[in-house]
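Here the chain labels run A, B, C and D in written order, and each chain numbers its own residues starting at 1.
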Amino acid sequence: MRNYLIRRSLELIPVLFAIAFVSFWLVSKMGDPFAVLVLNPHVRPEDIQRLRHIWHWDDPLVVRFWYWLKDFVWPRQGWGLSTLAPGQTALQLISRRIPVTIAFSSTSLIAAIILSIPLGVYSALRQYSVADYILTFFAFFGMSMPTFWFGIMLIYLFAVKLHWFPAAGYHRAFFIINGVPVMFDKAPRWMQFLDEAWHLTLPIIVLTVFQVGGWLRYMRSSMLEVKSMDYVRTARAKGLPERTVIYKHAFRNAVIPIITLIGLSFPGLIGGAMITETVFAIDGIGRLTYNAVMSQDVFVAMALIMIFSILVVIGNFLADIFYAVADPRIRYS
Amino acid sequence: MSEFKDKKIILEVKNLKKYFPVLGGVFSRPVAWVKAVDDVSFHIYEGETFSLVGESGSGKTTTGKTILKLHEPTSGHILFEGKDISNYSPSEMRPLRRDMQIIFQDPYGSLNPRLPVGEIIREPLAVHKIGTKKEQEERVVEIMKLVGLRPEYLHRYPHEFSGGQRQRIGIARAVVLNPKFIVADEPVSALDASIQAQVLNLLLELQQKLALTYLFIAHNLAVVRHVSDRIGVMYLGKLMEVADTKELFDNPLHPYTQALLSAIPIPDPDVKKERIILQGDIPSPINPPSGCPFRTRCMYAKDICAEKTPPLVDIGDGHYVACHFVKKGGKVEYSKS
Amino acid sequence: MANEDYVEGGIETSESYSYWRKVFQRLKKHKIAMVSLWFLVILILMAVFAGPLSFGNNPYSYIKSVPWAPRPELAPPGPGHPLGLDNMGRDAWSRLLYGGRVSLSVGFICSFIGAAVGLFFGLISGYFGGITDMLIMRFTDFMLSLPVLPLMVVLSSVIKGSLWTIIFVISIFSWMGVARLVRGEVLSLKEQEFTEAARAIGETPARIMWIHLMPNSMAPVIVAATLAISGNIIYEATLSFLGLGIRQPTPSWGNMLNGAQTFMLTAPWLMWWPGIAILVTTLAFNFLGDGLRDALDPRLYR
Amino acid sequence: MEKEVLLEVKDLRTYFYTEDGVVRAVDGVSFTIHKGEVLGLVGESGCGKSVTSLSIMRLVDAPGKIVGGEIIFKGEDLLKKSEEEMRKIRGSEIAMIFQEPMTALNPVYTIGDQIMEAILTHQDVNEEEAKKQTIKLLDLVGIPDPEKRFSEYPHEMSGGMRQRAMIAMAISCNPDLLISDEATTALDVTIQAQILELMKDLQRKIGMAILFITHDLALVAEMTDSVAVTYTGKIVEYSDVRSVFKNPHHPYTYGLLESIPSLLSERTKEPLPAIEGMVPSPYRMPKGCHFNPRCPFATDICRKEMPELKEVEPNHLVRCFHPVNVKEEVS
C-alpha cells in the first residue's frame, strides 16, 4: 500500500508537468496577451516592450514556460495580468470566482453519487420490473441530454414561464430588508446562503442529471454481475439473511468499480460546470474560461487550464486511493 | 534395459532456465523472479513419448512452451535435431515451426472463435505458403478425416463443437504440417472422462501413423503411465526424477515421486493403500526453498537438503534421481528424520 | 452410428451460423434498440435527402418576406416554413435538415477515427507489452486527465475554421477509451491459447493482430463507437453553441441554438427543434449501443 | 444394519428455461442418504450433478426452477418450507463446499470474518465467542497459525488453504449433511489427498453425512459408501460402492470404468476401450434411452423407450433394458 501510494504520487509529477506544457503551448497559440495594448493610443510602444520583457514574452517558448511555471507554483507575480479585467492579476480574478464553482459542482457531484448508487442497486435487484424500466429510461435520458439545452429548457420553464427560480446569476445584487435596500455583501449570512441556494438550484439539477445517468447504469450492471458470483451463492449457502447477502457481500464488491468511474468522470464534470455556468451566467471559473478564451485573455486561460488539470489529476488520485482501500487485493499488492 | 538407448535424440534440453519477473515497488521494476523452470536438462529420443508430470507451479508447461520458443529462455540450451535453437529469432524459428508443433490444454481457448474450422486447420499451411489454396483445402479435408472429424463441418465455427471435437480440431491444426515433434500440453485434462479415452487413442494412433515424437505434459499420472515411454517428474521448476515408465512406477526412488504416486486415487474400492500424505503447501516458485525444493515437505529431509541442491544423477539404466540420499545403483539411504 | 436422432459432433443446428448473424438475431429481440435503429436509418435518409425535403427552401438564403409576419426575421411557423424563420430570416426546417447532415457526419466520422486510432494503439500496446505498452498507456492516461471541454474550447479558438477542424478537435479526445478497452481485451485474449497457437504456427505479429486479435476485440469497440457517436454529437453541438464549432452560415444543430437564449421570449420555437433533434438522436445512439452490448455480450443478459 | 434416513430425494426435477429451449438438468432423480453415510454422485459435465446439490439447498437461480419432486430432510419436505425456514437450515443443518475456493470466498472480507458470520447467524453467541470458535475451526481443518490466518484475505492464501477455510465454514455449525460439489477438482493431487483425508477425518469425528459430488470415479471408490451414477440428468446406476465398481450393470458405468487409464491396468500404449460419441446436447436429447447412440448393446427398444430404474440384484438399481453382467469375468 505504501509503495503504491508513493508510486502514484510520483507519477503525478510528470503528468502535471506535461499537461502544463501542452496547455501553455496551446494557449500561447491563442494570441498575444499584449496585442490589445497596441490598439490603445495611451500606451507607448516602449511600455509594451517593457511589459513583454517583464512577462518574458520576448523569450523562447520553453523559457517563457519555465518562468510561468515558477510563477504558478510560487505566485509572486500572480500568474500574469488579466486583460479581461484590467488591473487585476489572473490569480486575483480566479480566486474570487473559484468558490461558487466548487460549491455547486461538488453539491451536484455528491447529489449524483447519492442518487445513482442506491437507484442503480434498486434497479438491479428489481431487474425487468416497471421501476427498473422507468429508471433505465431516466438514466438514458440523462446520458443523452445536451447539458446546455437542458439548462435553457429549465430556464424557459422554471424562470421565464413559472418564475420559480431566477434565470441567471448566483445571487441578487441587493436585498430589501424592512423596505431598505441592503447590498448582498452586507446582508446576514443565512440570507446570502438561501439566496445562493435558490439561484443555484437549477444549475445543480442540470449538472446532477448530467452525471447521474451513466453512473446509475453502471451501478446496475455491476450489481447484476456481482449478484451471480460464486461468493454470493456461498453467502446464501451459509444461511445468511438476504439483506446481508445483498448489502454486505454483493454491494461492497459491486460498488468498487464505480469508484474508478467517478474518479475518471472529473474532466466531464468540469466541462459540464463550464457549460452550466455559461448558460446560467454564473460568474465561476467555468464561465471565466469561456470568456477568457473568447477575449484572448491568455494568462487567465492558461492558469485556468492548469487548475482544471490539477483538479482532474487529484480526482483520479483520490479515486485510486479509495479503490485501494476498498479492495484488499490492491491494498496488499 | 531401455530400447531407446541406440536411438537418435531428437530434442535435447540443457540447463534450461525460464524466470518470469514479478513487478513491484515504487518503479514497477522486477522485484523478484518466478523461477518457473530452474536448470532443467533432459533429452527425448525420436519416436518416443516423453512425459513431464508435476503439480501446478512445477514448470512443466513452461518447459514445453519454452522449448517451442513461445517463451524466450532465460538461459540454457535447446537442441532440436542437433541445432541449438535457444537463440533463434522469431523469423529464424518460423521454418522450424513446420517440424515442432503444440496441442493445447483448453479446447475452448485454443481455437479462434471467429474463424471457421476449415480456416483454423488451413492457417498453418497458409502461413508457410504450402501449395495452392485448392491443395491446402484438400489437405484440410484429408486431415479432418484423419482425426475423426466430418469434412462437412469445414465451415462451422468452434462454438458449434463439443470439447472433444474441439480438441480434435486442435490436433488437426498441429499435425497438418506433418511435424516431427509435438508438445502435447495437458491435452485431455479439460475433457470429460468418457472423451479422454477417445482423444488419448487418437494421439496414440497418430503417433504410429505419422511417426511423431511427443513431449506429453500432464498432471494425471494414470494418463501419463498409459501413454509414455519415459517420464520426468517435476517439482518447483526442477526435475526430481526421470526414468522409463515401468521403472518409475515400479521403483520410484525420489520421496516426492513416491508421495505423488501414493496420492493418486485408484478406481477400485478394494484397494486401500497406505497413503503418504504430504504436509504443507507447495511453496511459491517466487521464493523456493534453498537447496532441494522438496525439503520443506519431505519426511526424510536432513540439514544437507537445505544447504545443497541435489543434482539429477544417472543411477543406472537411464534412471535419474535428484536426491542426496539416492546413490548409484538405486541404493537408498534416506531415513525418517 | 447412423442414428437419425443423434447429432454427432455437438452440432446442434442444421445450418452453420456465424457470430455476427447470431448477434443480429439477439439484437432483433431488443425492441428499443431496433426502434432506435430504424429511427436512425430514417434520420440518416432525411439528412441525405435534405434538398428534396426542404420544400424548395435553401438553408442559406434570406427569405425576403412572409405573409403572416411583419418581418421575416424570427417569423413564426407558417405555410412552407414549418419551423418558422430564424433571426437572419432563413428557413429553420431546411437548416434543421442540413444541420443534421453536419451533426451526424461529425458524430460518425469522429467516432470512426476515434475507434480506428484507439484500436491501433490498443492492439499494439496490448500485444507487445513492455515499454511500448507503458509509453502508450502513459500517453492515454495523460490524455484522459486533460480537462476536455476547456481544452477543446481553446483548441477550436486557436485553429478556427471548417467542419474538418471540428472533426479534428473532437477526434483528438475520442480514442482513449477504445484504446484502453482494446488493450484490456487483447491482454485477456493473449491469455487464451489460440494466440499462442498462432505463434506456434509461425504467424507474424501483424497477422496475429489482424486475424486473431482484432476480430475478437471488435465487440466492445463497436459498442463504444456507437455510444461515442452520441457523445461526439453533443460535443459538436456544445462547441457550436458556444460559437466555437461550426460557423455561420453553415447550419448545425448546435449553432442553430447559438443565441437561442436571446430569442427565448420572442421565438421559443427556434430553440425547440434543434434541441429535440440532438436529444432524440443521442438517445437513439445510446439505446442502440446498449442493445448492441447485450447482443454482443450475452453473459450479462441471462 | 438399517440406519436412520437423513435425506430422501424423490423424483427431483429441476429445469432451466433458457432462450433456446428447456434444459432438463435434473430429470427425476431419487436417492437416499442415511445418517453418517457418504453418497457419491458421479457423472460427466452437464449431467446435472451440481444442479442437484443446489436444488437440495434451494439455491437454483433463474432461469432454473425446481418443477417437481420431494426433498425430505429429517422427515420434512424442504420444498414446502418457507424461504425463512430454509435459510435457517442452510449452513447449520446442511452445509456446502464448492469447486472453486477462489471465487467461492468473498475477496473483500477476511477468512475469519466470513467463517464467523456463519457462526453468528446460526448460533446464539457473541462475537468474542464466535471468534474463538472460528480460530478453533481453522486449527481443526489444519490451517497453521490460525490466529494470524483469521485476518487474512482469500487472495493471500493458497488454493488448498482456501478450501480448508471453506470446509471450516461449512462445518462451523456441525451440519448433519455436507454437500461437497467437486471440492477437490481445482486442487493438485498431493493437496487433494490432504483435503480428502481431512474430510474423512472430520466425517468420522462429527458423524455427518456427505453428498460427495464429483466427475472422478477414482475419488468415489475411495470416499464413498454408495454411488449414484448420473447421465443427462438421470440416475443410471445406483448401489453400494463395491457393487458398482466390481459389478457394473449399466453399459455407461461399465464403459467408463473400462476407459479410464488406471494405475492398475497392465496394458499401456494400447488403445483404450473408449465410449464412442459424446454426451448429447441438452437441447437435443436422443429418443428413448439417452445413452443409446453411444451404447454398443442398443436395440430397437432402447431407441424408442426410456428404461426405468430397476433393481437387477438386491440394492442395485440400473436404468437399462440390457444390463451387462461382468461378475463372472471379475471373480
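Criterion: a residue touches a chain if its C-beta (ideal position, glycine included) is under 8 Å from a C-beta of that chain, and two chains touch if they have at least 3 such contacts.
In this text the structure is predicted, and so the values were computed from the model without any measurement.
K.L.:
More C-beta contacts across A-D or across B-D?
P.N.:
B-D
K.L.:
Quick check for you: compute each chain's CA centroid and the global CA centroid, then name the chain with the smallest gap between them.
P.N.:
Of all chains shown, the one whose C-alpha centre lies nearest the global C-alpha mean is C.
K.L.:
Taking each chain's centre as its mean C-alpha position, how far apart are subunit A and subunit B in Å?
P.N.:
Centres of subunit A and subunit B (C-alpha means) sit 56 Å apart.
K.L.:
Measuring from the mean C-alpha position of subunit C to the mean C-alpha position of subunit D, what distance in angstrom results?
P.N.:
A distance of 51 Å separates the two centres.
K.L.:
Can you check how far apart subunit B and subunit D are, centre to centre, with Cα atoms defining each centre and the answer in Å?
P.N.:
31
K.L.:
Spell out, as numbers or ranges, the residues of subunit B touching 2 or more other chains.
P.N.:
162, 165
K.L.:
Where in subunit A do residues touch two or more of the other chains?
P.N.:
As it turns out, subunit A has residues touching two or more other chains at 228.
K.L.:
Multi-chain contacts in subunit D: which residues touch at least two other chains?
P.N.:
276, 278
K.L.:
Please give the residue numbers of subunit B that touch subunit C in the complex, ascending.
P.N.:
Interface residues on the subunit B side: 65, 68, 70, 90, 93-95, 97-98, 100-102, 104-106, 109-116, 123-124, 127-128, 149-150, 153, 155-157, 160-162, 165, 170, 173, 177.
K.L.:
Mind pulling up the subunit B residues that touch subunit D in the complex?
P.N.:
49, 55-56, 162, 164-165, 192-198, 200-201, 204-205, 219-223, 225-227, 229, 245, 249, 259-271, 275, 277-278, 280-282
K.L.:
Could you please specify the touching residues of subunit C with respect to subunit B in the complex?
P.N.:
Counting only subunit C, the residues touching subunit B are 8-13, 16-19, 191-194, 196-204, 207, 211-212, 215-216.
K.L.:
Write out the stretch or stretches of subunit A touching subunit D in their complex.
P.N.:
Where subunit A meets subunit D, its residues are 228-231, 233-242, 244, 248-249, 252-253, 256, 326-329, 332.
K.L.:
What part of subunit C is in contact with subunit A in the complex they form?
P.N.:
By the definition above, subunit C touches subunit A via 141-142, 144-151, 153-155, 157-158, 230, 234, 237-238, 241-244, 257, 260-261, 264-265, 268, 271, 275, 278-279, 282-283, 285-287, 290, 300, 302.
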